[in-house]
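Okay, so here's the structure we're looking at.
Think of it as A, B, C and D in the order they're written, each chain with its own count starting at 1.
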């Protein structure tokens, strides 16, 4: 068990709790799924709610973990079985500070077929770099599909590589970002992009899709990180209106 | 008419009434559909609401039936025409303790074509064992499609065999489980899985779908029965918030 | 101008106003669309709201028309441009007592292609007799697509023939029934059936769809008229809860 | 910086603010997108909210711009990056008095493939004249996809030509009209039409779609401008009920 990385500003903890509720309100997560952020003052710690449906999370549910995904508090409540997703991505990718794991129904199909996810519009620009598919079967054979230990977390982080998203075969996806806001934004627009691409795929009759080029993706991802905060402001306000925090 | 199996704890009756409302809230049932559970103290009795839209059920609407689907109380209010689905499944399958019958629009297509339903993600793992299709036409010719007597209920239970789900041609489906919570979970994720598979089918362009293998399905079904209760907790709380019970 | 067919019981007028709101709540109509019923005491009169979005209708908005779709009250508020749909169907079909006209997005495609609508499940059983397509272009050339006079109403009623539904090319549909409740039921389940058939069409890969046979449709339509009222009870209650009437 | 075109009636400003909320409520815009109207007394000025999620706009957020999209008030709050869409369309098209820019998920696919959008039903009649696709790549190479200056706005207005809608590749669309109400109506029914066409495309199996002819489109667009206001009345009332203005 590791020592705490120190206290975190209550408004950041509230933002993290709100992020869980935002993802539920936008249909990215249902009773399952989780969002975490790296400890703002201790890069080898991260924060995530206890095992709880995202729509129910309050700030007091936030638990601090080390990168082995062991809680810093011996009395911490039970955590998510798949918290290793988060710990191993934070370990492998110092540039990422937030991770969303979800099972959005529209996204799952891209992990089940050979059709790659493409960036169908500018708000999903970060997808233009590609979305690798993690097949847990490749390294671990038949499993319960869960990334339930550090070894599986490492394998997922390997698959992620230097991308900011990985699809998980017959399971879901992870979307990451340099900030909590960007990770939530990307998770939301991955879900929207998936719906757009399903329609586009049918309309294309097997022909090409005029998706964002890699360079368009790189350029369009920039305003998403700045002007894109307008969406976070809306979503955050909706949660505050509901919860008071 | 059979004697009652004895009183049932009020919280279990409330859970059953809540299950009907959960299924309505999740879009699994609309004005039609029903959920039952086996009497916890009398395996040859089961509990189900009187004929009523699931969204309106309150604990006082719960009626006790014997396995011939005859109410134990001669003054019981009118029951569902298709209650024989439940009675005959409980008779044929001692391991099952809850049954959901629904007409979810996304699920019906799998009873109308030759494309089999597959387990597209871990929450729908129980589908990896397959989903047989019951065609009432095969044994009964042209009917009103309803499983409205014991003979038809037996035929449906035969089709179900040792599966936990059966699709019903041009009608709907039944999803079953060892507990009320698992049956509700399975009915909900059958509906979600159906939507996932529709998208996946299109994306696959006729090629294979990397669905759960049977062994993955077996393994993944286990956490659904334990950690999966997190979803029930969320859904149950939403009903309690609305109804007070 | 014709004399009134006499007063109508307030609860029936309220049911008609509620029907408009039910159709809006179920996504069958949006800002447009209308529902009418034949005058219960005067078969050559019918009742329908003034020109108003269905979600806003209150009992005081109900206007009485003769079968030429002229209001019986010279001071009646402005009516729907397409009220002739209703008048001419009532004239041509004495067995029908309620008509719903809507533009449900899922239904429109069946008026634009050669793929016929089929009855995909028992609640939409009445579709098993087929759904003719009215193409206003055939008799009237280029128009504004509206059934805005008696002649066009007659043409639509001709197309309807002895069916209880007609699709209208590039426009919408009419669903009819012997009672207000059955017409609303059919309009709702036509919309649901359309969604089911879209999914089924894709899943069938050009192969057959095991839809209801005509005889199954005839048989299954019967419980829809009786046990099916359970859905009306739910929907009506939701409106009453909202409006007080 | 240009002088103001003079005060605008408060009810018109409130209608513009309400239009933003209407578009959000109908799913046409999410955290992004914007609606503007030409200054009713000064054709070389237009009104649009400051950079803000449409669902949050209040009348005090409305800012006046000249056709170079420079605010008339030096102390105006920050505007949308893409306000040049609006300024250049107003400059190029004196007949248009309102513009909606949105990223509706159902519409984006028509900017990514060769399948043209067609007018699938009368409420979307204005689409019968065609919907040109603006590909920012053609004139500007790799960009962040945003119409973020006057030159790009001119290019978009060129593409629009004498149509009332333009699709924007991998981005969204603009829908325009002679009045605020018509532009909102067209944006809403473009979104609905897109969903209808996706279903129709699949149902047609590559065959023709019996969409509106150009002349039917021209004729059907007329009642949309008059009787079609019924939809605006409904939508406007819903906003007023919520906001008090």
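Here is the rule we use: contacts are C-beta pairs under 8 Å (C-beta built on N, C-alpha and C of every residue); 3 or more make two chains touch, one makes a residue touch a chain.
Quantities reported herein were computed from a predicted structural model and do not represent experimental measurements.
Hopping across touching chains, the smallest step count from subunit A to subunit C is 2. Under half of the residue numbers at the interface between copies subunit A and subunit B are found on both sides, making the touching surfaces mostly different.
Our note on geometry: subunit C versus subunit D, Cα centroid distance of 32 Å, whole angstroms. Centroids built from CA atoms put subunit D at 46 Å from subunit B. Residues of subunit C in contact with two or more other chains: 202.
Which chains touch which is summed up as A-B, A-D, B-C, C-D. By the touch criterion stated above, subunit D contacts subunit A in their complex at residues 30-32, 51-53, 55-56, 81, 103, 105-106, 108-115, 135, 137, 142-146, 169-172, 198, 201-202, 206.
Residues 119-123, 125, 192, 195-196, 199-200, 202-205, 207-213, 215-216, 219-220, 222-223, 227, 230-235, 237 of subunit C touch subunit B in their complex.
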